[in-house]
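In what follows, structures are represented as structure tokens.
Each of the next two complexes has chain A plus one more chain, namely chain B in the first and chain C in the second.
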Partner chain A sequence: MIKFLLMVNKQGQTRLSKYYEQVDLGKRAALEADMVRGCLARRKEECSFVEYKDYKLVYRQYAALFIVVGITENENELSIYELVHNFVEVLDKYFSRVIMFNLDKVHIILDEMIINGHIVETNKNRILAPLLALDKMAES
Partner chain B sequence: MMEYFCAKSTTSGFDTVMTPSVRLQEMIRVIRSARTQGEERGIIQRECADIRAQFRQGDNGERSHSLAKLLYVHMLGYPAHFGQMECVRLIASPRYNEKRMGYLGAMMLLDEKQDASLLITNSIKNDLSHSSQYVQSLALCTLACMGSAEMCRDLASEIERLLRASNSYIKKKATLCAVHIIRKVPELAELFIPSARSLLSEKNHGVLHGAVVLITELCERNPDTLDQFRKAVPELVQIMKGLVTSSYSPEHNVAGISDPFLQVRILRLLRILGHNNDTASDAMNDLLAQVATNTDSSKTAGSAVLYETVLTIMDINSESGLRYEAEQERVLWELNEAAGAIAQHTPHEQRDFYYATVAGAASAFPVMSMSYISMTSLQKIVQTDHNAVQRHRGTIVDCLKDQDTSVKRRALELSLALVSAVNIRSMMKELLIFLSTCPLELRSQTASGIFNAAERYSPSKRWHIDTILHVLTTAGGDVRDETVPNLIQLISTASELHCYTVHKLYRALVKDISQQSLVQVACWCIGEYGDLLLKGECEEIEPVQVSEDDVLEALETVLQSHMSSPATRGFALTATMKLSTRITDNVDRIRSIVSIYGSCIDLELQQRAVEYNALFKKYDHMRAAVLERMPVIDKNSPGHTNGDTSGEVKEPDTSKPKPVEAGLLSEPVSQVCDLLDLLGGTDTPLQPNPAPTSTSTTTSSADLLDLLGGLEPTPVPSVTVYEKNGLSLKMQCDKQTETDITVTLIASNSTQSDITNFTLQAAVPKVSLKMRVRVSYSNQGAVHQDTVQIDSFPSPAWNGQPSISPL
Partner chain C sequence: MSDVVEKTLTALPGLFDSQTGAAKITNRLKQLIKSITELTSKHEEENLMKQELSAMKEQVSSPNTTMKQMREVMVRAMYCEMLGYDASFTYIHAIKLAQQGSVLEKRVGYLAVSLFLSEGHELLLLLVNTVLKDLQSTNLIEACMALTVVAQVFPKDMIPAVLPLVEDKLSHPKEIIRRKAVLALYKFYLIAPNQVQHIHAKFRKALCDKDPGVMTSSLHIYLQLIRESPDGYKDLTGSFVAILKQVVGGKLPMDFNYHNVPAPWLQIQLLRILSLLGREDQSTSELMYEVLDESLRRAEMNHNITYAILYECVKAVYTIHPKAELLEKAARCIGNFVLSPKINLKYLGLKALTYVVQHDAKLALQHQMTIIECLDHSDFTIKRETLELLFRITNAQNVTVIVEKMLDFLRGCNDEHTVIHLVGKVAELAEKYPFHSLTVTNVTRMR
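Coming up: the complex of A and B.
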């Protein structure tokens, strides 16, 4: 099960966070900073999986952006690794410019892909269909 | 794809368009331009005030923008609870855009503990039957994210209805909603069983994925349900076969693998269904072999499937699983090959390769991910098939040398699991090299792993001692507290190695006094076996002439070093004192060292020094006897642990413990332990047979070390087991585990006169936890002898009385 997904920049600042289990707001900032520090400290040739407290972290770097996913012990980290890429490809397909100013749309995409910590859809067209439908209506 | 557009989405909900949230972008820019934390806080405070004002104004078309801003502020870690009611209001809005923002806010700001979450139950209920699938989807997603038990109860039948809907967009989300409901309210599970089963005939992958997750959840919760779903194994196998054998389908293709996400999920469910069940296991055997053979593991997606397959093969019914030994071997081999193949690319080539495949994304592919994964699966296999893994030892040992901590950690766990009596020497060589180079966070795990392995499989005592010393030299700061007493015990029993050990430790001490545990053991040995060190004859080690001054110099360095902990100084001071009977010329130097510490600022050390000083002055005639060599510490005797059953107080004869008679364990005797009492300030003339005066605490010899180390056992209530003629025996149990119990007996005399010829014998049978204590003493001319049996012991966890019966 996926516990959370974070998008952070190289400076370790959170750009987007989505939690699938309740984590106290007061603890989030420290938790995020600590995990991201751990991931950032790793060299490029090291593997993408780190054990952190009760979680396994799967992270991938895309230019200046890091995506960090916290998963439970029994989750298949390799498939999550692929999922992250899938997510980024969807973002890449939809957004032509800076995505960080369109956080709510990133949330729509994420909610189409993951619900309650489980994958719900990985097909790019189906993920984007609702968003495109909304855009179309906005134009007309 | 058209099915998503055919919903009546143009009606009702979509009257407002999604305008880009310009003001949100503006705010993000301003916040990002802040140069200090304080400045950021200031900006956010102003924005929050503005947002609050907007919320108060009510419906002016700006509310969703304000909430979007608040969600950003929330993500930065600032309080945003004042937006909760606004979420409730927006969810009820007829405008889709507002509703969407309201639901997003609810997912982020509300949790089930808040009253506000109750207020949205009705909105969710209405929206679940909305004419637009997108509105329905929002409600489903929110319920699956934060629905409280109460909400789940109210809405479960709605969700069950949606599972049977015709729209797969809704169905796939409803399945995961059902998973959430079952987690919140387990007794609702039954409700979803029939529809879950029928969902397996769906074609849509999203729905199938959800259905498999739902069935997994149902099966993990209830063994009866698990049984029921075993009948679905053929269906699952069929779906899986379809995925593995299907020709290229662009819809779900990931790196040449058809929907690896769904495959992984099905494999996991098969694992649960096949576990401990022959029929189910047999039904999936062929499929598993097929997946293992046909899956190309050169890309991550394939490895993900293969990894899950290995786990499933390992976990399903062992008897049929055995037929797969060859298959497992092959899979393992492939995983290792994959690891090797990827490792052969330089990281740079790697990145170029993947850069080309994913346009615009500089993906740094992890070289060692594969070996990390193969480590994990190998480790699972260790539990079942030791021999198969032994053959892969080379790879595993190579992984110990890997640069990556995650890989190293896995390799370490696996290496430790692989150590056996056969390979202990070669494995230990690798582990010791690993210890000296491994990251700090793995050190203590490595050290204790090495200790355990050495204790279980050491080929000889000498090897065992050498190994531990090696660990202490390289990682003395990262070992557990019990290492020192354990090693001391080991050394003391290896009497033929005393000379060798003390020489070796002395050299280590001269080289480095920063590793506290090493220094403590070295000091102890020098104190005990100093005479052997000075003799300079050692067969097994190149003899080095060590002078008395050299040794004292070394101990003094430890005493004075700022690196030494108080416990270490205690060891060093006692060692110095002990040397006073083992050397001939430099006793005066020892006397002056001891007297210096008589005014030491450390209380424990000062007290010890004052006692030793007194031993030099008042009780010099006893010094030799008091400082005798410690008796061999028998590990199995309770005396090995702290403060145990008191020894008998009798003549100073401390050379060897008495042989254990059948069923009767006589305690090692030492009067070193009585040092405290002897020097406790009574002026009673000392006699060879010292009588315990007013309060006599008898402790076993092992306590001396503990007292010096300041590690006194935590006090627990004591129980009187004997009270007669003014003599009372109190017993307290400090530690009780399944195999060990630590008992302290305190004897005290409440009469005016002295009790003489006091002896106390304790017998413990090997089979059960009982103790028989015989006490004999003379009081005012009369000789008394009594025996009591203690059938059960009080423990800190157990507050009852011990059962005691006089015999």
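Coming up: the complex of A and C.
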């Protein structure tokens, strides 16, 4: 299963975090900083997976942003690596019309894709349909 | 680089940092993020956050704050908590936002609740009435939201209150409602399995749903159930095989494709289920040989996601009752991974080898040279995985060399978890091959 998903910038500042398992609020910032340090230390030619504590991190860099996903041992690393890309493509599809700062909307999109740490939808149209409907209703 | 990716790369940082001519609603959050980004010390951050939180406290307590403004405050509260600062004074207002807000505000209220509150939080009880109301709403969007939040966080004791409504949604005309109802039931099964025992017939109906999305959501429940007791579901093997055949054969609508591969994550899910059903069961395994062969064949495009599917295929082939031709193809596949210059594939190949080596020790021998090279690889992750593999292929002849390599690795290792894990492994080997006393001394020293 997926334990968490983070979007962090190169300076180690968290831009979005979603936890699918209970983690103490007070512990999160330090944990995130530590994990990102580990990913930032990796070189380009190294693989995109890192062992961390008793689980694994799958990370993918997009310009100045890192997306880091924590997964359990039995999860398929490469499939999660591509799930991240699918997520980025969905964001691009939605935000390409109107690039605004929308922490809540990114969360809403993520909620359509992953629930309880499991992948529940990967069809881009279906992922965006509820949010587009919401937007339409909010406009009128 | 493709156009889409290029656009995405430039757009992504902009999601969080760019200047926009946006509505006032996003300005304050943008300002806050910008300010935090520019600070250089933790102390400064704490001060700024203190100010921000006290301003927010005033806003939420003021009777003049509109729902629109409340939504904005809630998003800032999410940001603050994300950075580790307590904003629990907003929790009750999140629930109010879900209760009283217009559609988008309601969604943000539910979102905030799902982020702020965890199982067992007393405030969750207040959510139940709102959820009940929205589940019965004629507005489908509201019903969707309610189902989404129920699937994320819901008080266990109140399940009986919503169960009939959620069950009812299983036969709703709209696929998105049926899909989300299944996921809500999956959540209920996870937190209170006794409550959903009686509705297995309804899960079966979801599995056979004409909509692929609804069928897919039922797989989460089935994977869980089959993991717990495969025997009860062997009769469904034919159905899972048929579904996988259809998916692999490209029978799903185009928008289920990801880079021209049909529903890859669904394929992976099905392969896992089939593995569990075919394990140690020859007759059940025989039902799936054809579709596994087909999957191995189809997944030959050069894309990460097809490699991911191949990996699951290979695991399945080695888990179920053996079939020579399939094993040959799977072994070839593993070989290609391990020898690949693509480092992610090499990693997957090593992982696959570790998994299959218990079934086929010869395979590891075949790739001995590559494995030894990987031991000295500069990539820590590759090295670690190789050690895992080596541990599995240790015998009386090679134990000394392998333990030496492990100790070497340990000397250069700083991560506490890894050290503990590997020391444990070395200790196991020392016990298994007791005449290598040097090893034991080394192990004791490391501890």
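Note that the second predicted complex is superposed on the first by the 136 of 140 C-alpha atoms of A that agree within 3 Å, B and C clash if a C-alpha of one lies under 4 Å from a C-alpha of the other, contacts with A are read in each partner's own complex, and residues count from 1 in each chain.
As a working rule, contacts are C-beta pairs under 8 Å (C-beta built on N, C-alpha and C of every residue); 3 or more make two chains touch, one makes a residue touch a chain.
Keep in mind it's a predicted model, so treat the numbers as computed, not measured.
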* To do: Please work out whether A:Glu82 is in contact with chain B alone, chain C alone, both, or neither, and reply first, second, both or neither.
  => both
* Check whether A:Ser96 is in contact with chain B, with chain C, with both or with neither, and answer first, second, both or neither. => second
* Asked: First (chain B), second (chain C), both or neither: which does A:Ile119 touch?
  -> both
* Mind working out whether A:Arg60 is in touch with chain B, chain C, both or neither, as first, second, both or neither? => first
* Asked: What is the contact status of A:Asn9 with respect to chain B (first) and chain C (second): first, second, both, or neither?
  -> second
* Considering only touches as defined above, state whether A:Ser48 meets chain B (first), chain C (second), both or neither. => both
* Do chain B and chain C touch any of the same residues on chain A, and if so, which? -> 14, 16-17, 22, 25, 28-29, 43, 45-51, 62-63, 76-79, 81-83, 86, 88-89, 92, 100-104, 107-108, 111, 115-116, 118-123, 125-126, 129-130, 133-135, 137-138
* Contacting residues of chain A [partner chain C, same complex] -> 7, 9, 11, 13-18, 22, 25-26, 28-29, 43, 45-54, 62-65, 76-79, 81-83, 86, 88-89, 91-92, 95-96, 99-104, 106-108, 111, 115-116, 118-126, 129-130, 133-135, 137-138
* Structure fact -> chain A partner, complex, touching residues on chain C are 4, 7-16, 18, 20, 22, 26, 29-30, 33, 36-37, 71, 74-75, 78-79, 81-84, 86, 102-104, 107-108, 111, 114-115, 118-119, 141, 144-145, 148, 151-152, 176, 179, 183, 186-187, 190, 213, 216-217, 220, 255-256, 258, 263-266, 268, 304-305, 307-309, 311-312, 343-348, 351, 378-382, 384, 415, 417-418
* Asked: Which bits of chain B are touching chain A when the two form their complex?
  -> 1, 4-5, 9-10, 14, 17-21, 24-25, 28, 68, 71-72, 74-77, 79, 96, 100-101, 104, 111, 134, 137, 140-141, 144-145, 169, 172-173, 176-177, 179-180, 205-206, 209-210, 213, 251-252, 254-255, 259-261, 264-265, 268, 300-301, 303-304, 307-308, 347, 350-351, 358-364, 366-369, 371-373, 403-407, 409
* To do: Sort out for me which residues of chain A touch chain B in the complex.
  => 14, 16-17, 20, 22, 25, 28-29, 42-51, 60-63, 74, 76-79, 81-83, 85-86, 88-89, 92, 100-104, 107-108, 111, 115-116, 118-123, 125-126, 129-130, 133-135, 137-138
